[in-house]
Amino acid sequence: MVTLPLSSQNTSPHGRSIQIRNVSHFYEHSSGHLTVLKNVSFDVAQGEIIALLGPSGCGKSTLLRLISGLETPTGGKIGVDGVRINGPSPDRLIVLQDSYLLPWRTIKQNVALGFEARNLPIDHGQIDHVLDMVGLLSFSGSYPRQLSGGMAQRATLARALVNNPDILLLDEPFGKLDSLTRMSIQNDFLKLSQSRTLTTLLVTHDVEEALLLASRIIVFTPRPAQIVDDFVINLTEPRHRDNRDFVALRHNILEALGHVF
Amino acid sequence: MVTLPLSSQNTSPHGRSIQIRNVSHFYEHSSGHLTVLKNVSFDVAQGEIIALLGPSGCGKSTLLRLISGLETPTGGKIGVDGVRINGPSPDRLIVLQDSYLLPWRTIKQNVALGFEARNLPIDHGQIDHVLDMVGLLSFSGSYPRQLSGGMAQRATLARALVNNPDILLLDEPFGKLDSLTRMSIQNDFLKLSQSRTLTTLLVTHDVEEALLLASRIIVFTPRPAQIVDDFVINLTEPRHRDNRDFVALRHNILEALGHVF
Amino acid sequence: MITVAKELAPHKKTIGIFSFFKENYTIIGFSSWFLVSLCSFFSLKEHNYPGTYFLIWSSLFFSFFLFLLPFLKFTHNNRIIKFVFLHIRWFAVLGFIIFFWEMVTAYAKLLPLPFFPSPQAVLNIYLTDFFRLSESVLSSLLILVPGFLLGSFLGFFVGAAIGWSKEIHYWLHPVIRFAGPLPAIAWLPIALFIFPTIYTASVFLVVISTAFPVAILTASGVSAVETGYYDVARTLGGSPYFLLRHIALPSALPQVFVGLFMGLGASFAVLIVAEMVGAKAGLGWYMEWAQGWGAYANLYAVLCLMSVLFSTLISILFKVRNHVLNWQNDGVKW
Amino acid sequence: MITVAKELAPHKKTIGIFSFFKENYTIIGFSSWFLVSLCSFFSLKEHNYPGTYFLIWSSLFFSFFLFLLPFLKFTHNNRIIKFVFLHIRWFAVLGFIIFFWEMVTAYAKLLPLPFFPSPQAVLNIYLTDFFRLSESVLSSLLILVPGFLLGSFLGFFVGAAIGWSKEIHYWLHPVIRFAGPLPAIAWLPIALFIFPTIYTASVFLVVISTAFPVAILTASGVSAVETGYYDVARTLGGSPYFLLRHIALPSALPQVFVGLFMGLGASFAVLIVAEMVGAKAGLGWYMEWAQGWGAYANLYAVLCLMSVLFSTLISILFKVRNHVLNWQNDGVKW
Amino acid sequence: RAVKASPLPFPKSAQGLTRLRVSLPMSAVCVAPIVAAEHYGIFRSYGIEPSFLSWTKTDALLETLATAKADIGIGMIMQFMKPLEQGYNVKLVAGTHGGCMRIVGSKKQGISSDITSLKGKTIGLTDINGFAYNTFALLLHQHGINPNKDVAWRSYPDPLLPMALEKRDIQAYAGSDPLMYLAQERANGDLIEILSNLSGSWHNLACCVVATGTDTLKRDRQTIYNFSMAALAAAELCANDPEKVAQFYKQYSKSNANLDDIVKILTMQTHHVHPMKEDLCNQIRLYTQQLRDIGVFNSTTDPGVFSKRITENLVAERRS
């Protein structure tokens, strides 16, 4: 792994590769520090889909928050295209674990939030297109409280996708969907990310989902999260659950997780 | 299928088998009826674990609510051990899709709710035992808002199990758990239901979960829900995902669902 | 809940309110109001003034309206008839209450006058003193409305500032904590001292009695916003102003309306007291005037008028709230 | 958020409040209070009464306390010192405000007396009129506390009944909607008429001014309970009483406390007005008395006392709420 | 209506005197003759032993009479008028004296004895709708000044009125004696009398009246008549020898007025005005007319009918 020099100024307009160098993080609690990440280092190449697996509470969401710039690591550096990040940016969007749809806005207004936040004209065509993709076009006038958990999750995804980010940080984005909807959304997502050479970090609990979507799978220890294993996935496309290599990889990954557990 | 005569008086103290006869149900909306179930008939033998599969919004949760007695079907009859049910009963517990932990009670106090509701002395030993089983013993003093979605789901399960019901109606009880916790809880649940000859109806979106746990799988059409298929599962125990019959059954069930979809 | 309107089959609704018992209530209602009419007719000899005629005719009209109600149900389905049907039991009982009141005052004279006037005497005030009463309502509204609006804005902005900025919170929160609980009425001597006219002093009192609860509740609301919403807006590129305008304030609105509700209630109280001090018109002035002349019928008339007016103003506030917060459905009910 | 206390490593906290700027504020605070002391010392010739001595000594003491504060920080960590450190900037500015007030009144005499008394003149009231002031506080509390408690219980039970029972809602909701917005002060003539003594009439007014908002908010709270909670309790075998007692009421408590907050605020207002009318002691009476005699120092003294007292009462209410609703953390902040 | 059992007569004292409970404002100087009359044995000579209940608020006066807690009520005529219109069940039987209220204004602030100088000014009061307001609303109206539009009224506790005048918040104030009298004394000639209910066409009108319940009249008209005559005798005593009355009354005076002041006030008040019978009725007709004109009374109230209805001609009835 080559350590890139990370400078503080923004040289590339569109970041696509991510560098994570020796990142550590702790939270301050009333009575002391809680270390959540410990010396995590890895690189993400442009267009990669990396799945992050690890036990509950190990620090996966924290890592995504750090990369998004919502929080600053207490140790180490995070860069995009070799430039150290400095706060959140709409080029590098995070979809949080909880949906946080604004309850006072309709679904469509929620999806339009990115345009408004950046003072851009609202692209209604694009919004409708994305809503259609996640199967919520007929709900664009509904309020979040009228949606099921799975629908809210899809709306959150749409709210991010509509902004055409270069990097997408997804925190268990399909966790609340039923199996059929999940399959269809996973397919759509795969197509989308292939066509746009989107760089994606995907936190998931579902090993099969990771195997179906990711080009690399990183497995973490329990808190404080450290990398246990880093699987590069070279399955024949289209991937299929019953494929032999698939089943073998699942075994290995579950074992890595199991050791962890 | 033999139609049992359903009398209105309670003859058997412990109901374990369930009879569902021609059950239909509609909800009244401001502008008309919304039919959710249409002529659903099936029987559940004592000790069976039946998984109910079907597309989102088809009426699975409604069926469980009807069996629990929280709602009365607008058509047809539901019986337990041949006796028509008449409102909810602690012998026949439902675990709702949303956790509904009382936010003003600690987890332990939430689990003790059943004892209090029936004016029974609180069995602290039993509560701790069940909390331990779902891995929440160290959280017994926490309030629901301090729990993650998965933990809340486990607490809800504990709140039902502590009452030793004869019939358990579970509405996607493991949906929010991470894969490892889910596996461990599924195993515990399997052991528990075998040792106690518990009769279980399990709504799930996860076909593999259904195949791992159920003795029968019933697949429904979209709303109004009607039975499409009824699979009896005779896999070699312990069941395993990579088993040939398992894979074949999964195919068939997904097909049944797919047709539906 | 998922919208299902599209798939709903239209069906004939069985309307429960047209049931046997409800129809019986129309008969009971008819009887009670007819009795009121009869009783007030016989009181005409001693109570020969407009209020009595009005009571006779209006109760007669209403009793026959109730009598005809069951026959109207299939022909009409308009809002008034629905409303009356929904409250039919109340109307029936109300008829008996007024009949009873009529009996013990105008007819049997069991209670001493002028303390316990008859219904027609109170009604008569509305007819004969209409001009002064409406002048009073107008005059009170001229204090209340600008004061409430000004106070709402002031409270909202101060509250938003306190909830949003740690620095402003540091400096203003102690002020609010100590000055806020002081009832606006306690400011009266100071207000009269500072302000040139009673009108401006009264408006000032309404302003502060509204501004304080609104500020406290707005500050609570803004500071209780879930950080997740801010996170979402920040990643999407929102500026601090965007966060305040599009996240903090809308999210605090339910609390703001609780504050407005409190403030409006407090305004009524302070309005009445301020007007008692020296206004030339207004509901508080009228109350004081009626009390000063020992005109009890006028006193009760203005109390009823006040209760209807204030109730209506609160209803308007809640209408506005329900419109603004149509995405919320578990707030305070009115 | 998940409890992590067990796994936390203990560590030495870097306490931000002991920063450079904060220490400078202690010097500024010291100076301002020292100036107050000095200025009041030079006013002794013309203001030779207990209030001035008290002001001299207390501001001197406080200024030296602030001066020593930076040296105390390592030896002590008690609550008072923490509190002062936290509010050090406020105390510094407060010193300047009082110094300024002192200058324009006692020293430079720029403002006309008796309308603008000096700080020592106001302080003097507390020292010389201590007995009557404490009698007034006591007398007001004797109206307020029983009235508020009674009103709370009444409002809670009526509200619970309205929220719980459709039938009770049908009959009582219109009454609440019309009588509720009427400020309790409007009941004053009637209360004085019905109740034998001013004391009972005042308590009655406090009762209704508390009961109405509590009833409205309790009813809202009970009727807004999510049905899912009822479902859970019903399947577990809960009786209707169990549902009311263990689901509806606890779930409505946050709303009930908003109602109690509103009611307490309204009680203060009604208390003051009721006492102005004809009581022989009490804070409202004292205010009226002070105003009547043009005793502005007394007026400001009683206003300050009222603001501290009322603020304390509300703080107590919020302490109780935070204790009862320790499971909730997004309610109204005080 | 069912015929009521004949009511009980008034109780007698040990000396055979009829006991009467009289509600009156003890601290108002104008009732001094009544209070003194008891001391000087006038009531005894009419066979009456009165006990005095003091009232301070109109409600209290009205209520004691309505609920028969007192047999006789003495108060300002204006306190009775509106309740009587609304059916208050008492009769006015006599007037006790003429005016006792005045408006005084500050010369420094441009007030002169000309009533029109009040236009656009603010008048201070102790009670915004007390009987001072009620009285002067009428009088101002009579002098062509609209009491609601041409002047402003503002209430202050009575010790604060001079302060308010000094602050120029008000230019005049209205009230009853001894307050007005004392204020004038203190003001070194700045305060000038503008209007009183002794002035102009009101000169011979009664200010305070004796009222009694209709049921009380049925019990014993003779005693009520005797009381009225005693009150008249007391008023005559006062008119002729105010010093004698003041001497005894001094102890009841609320304000720190000295004997001389009380005498002067008593002299100013017209204690020889004490109408009964038709005179009283006519005076009330006049008041009624004026109350109607300023909108306190309903326009449908007929002054002639009303004044007959609410007064009782004790002498005429005595013969039957």
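Brief remarks on what is shown
Letters A, B, C, D and E name the chains as they come in the text, with residue numbers starting at 1 for each one.
The rule we apply is simple: a residue touches a chain if its C-beta (ideal position, glycine included) is under 8 Å from a C-beta of that chain, and two chains touch if they have at least 3 such contacts.
Keep in mind the model is a prediction, meaning the values are calculated, not measured.
This structure's chain pair with the greatest number of C-beta contacts is C-D. When chain centres are taken as C-alpha averages, the shortest distance to the whole-protein C-alpha average belongs to C. With rounding to the nearest 5, the Cα superposition of chain A on chain B corresponds to a rotation angle of 180 degrees. Ranked by how far their CA centres sit from the centre of chain A, the chains are topped by E.
Rounded to whole angstrom units, the spacing between the C-alpha centres of chain A and chain C is 52. Centre-to-centre spacing of chain C and chain E amounts to 41 Å, using the average Cα coordinate of each chain. Centre-to-centre, using mean CA coordinates, chain B is 86 Å away from chain E. One inter-chain figure worth recording: chain A and chain B are separated by 33 Å, centre to centre, where each centre is the mean of the chain's CA atoms.
Looking at chain A, one finds that residues 57, 148 touch two or more other chains. Shared contact sites, meaning residues of chain C that touch two or more other chains, fall at 2, 115, 291.
Of all residues in chain E, those touching 2 or more other chains are 59, 63, listed in ascending order.
Across the complex, chain D is touched by residues 87, 89-90, 115, 170-171, 174, 177-186, 189-190, 193, 213, 216-217, 219-220, 223-224, 255, 258, 261-262, 265-266, 268-270, 272-273, 287, 291, 299, 303, 306-308, 310-311, 313-315, 330-334 of chain C.
Contacts from chain E toward chain D in the complex involve residues 57, 59, 63, 156-160, 163. By the touch criterion given at the top, residues 1-3, 6, 226, 228-229, 231-239, 242, 246-247, 250-251, 253, 325, 327-329 of chain D touch chain B in their complex.
By the touch rule above, chain C contacts chain E in their complex via residues 49-50, 112-115, 117, 121, 128, 132, 198, 276-278, 280-281, 285, 288-289, 291-297.
Taken in their complex, chain B has these residues touching chain A: 55-57, 148, 150, 175-181, 205-207, 242, 247, 257-258, 261.
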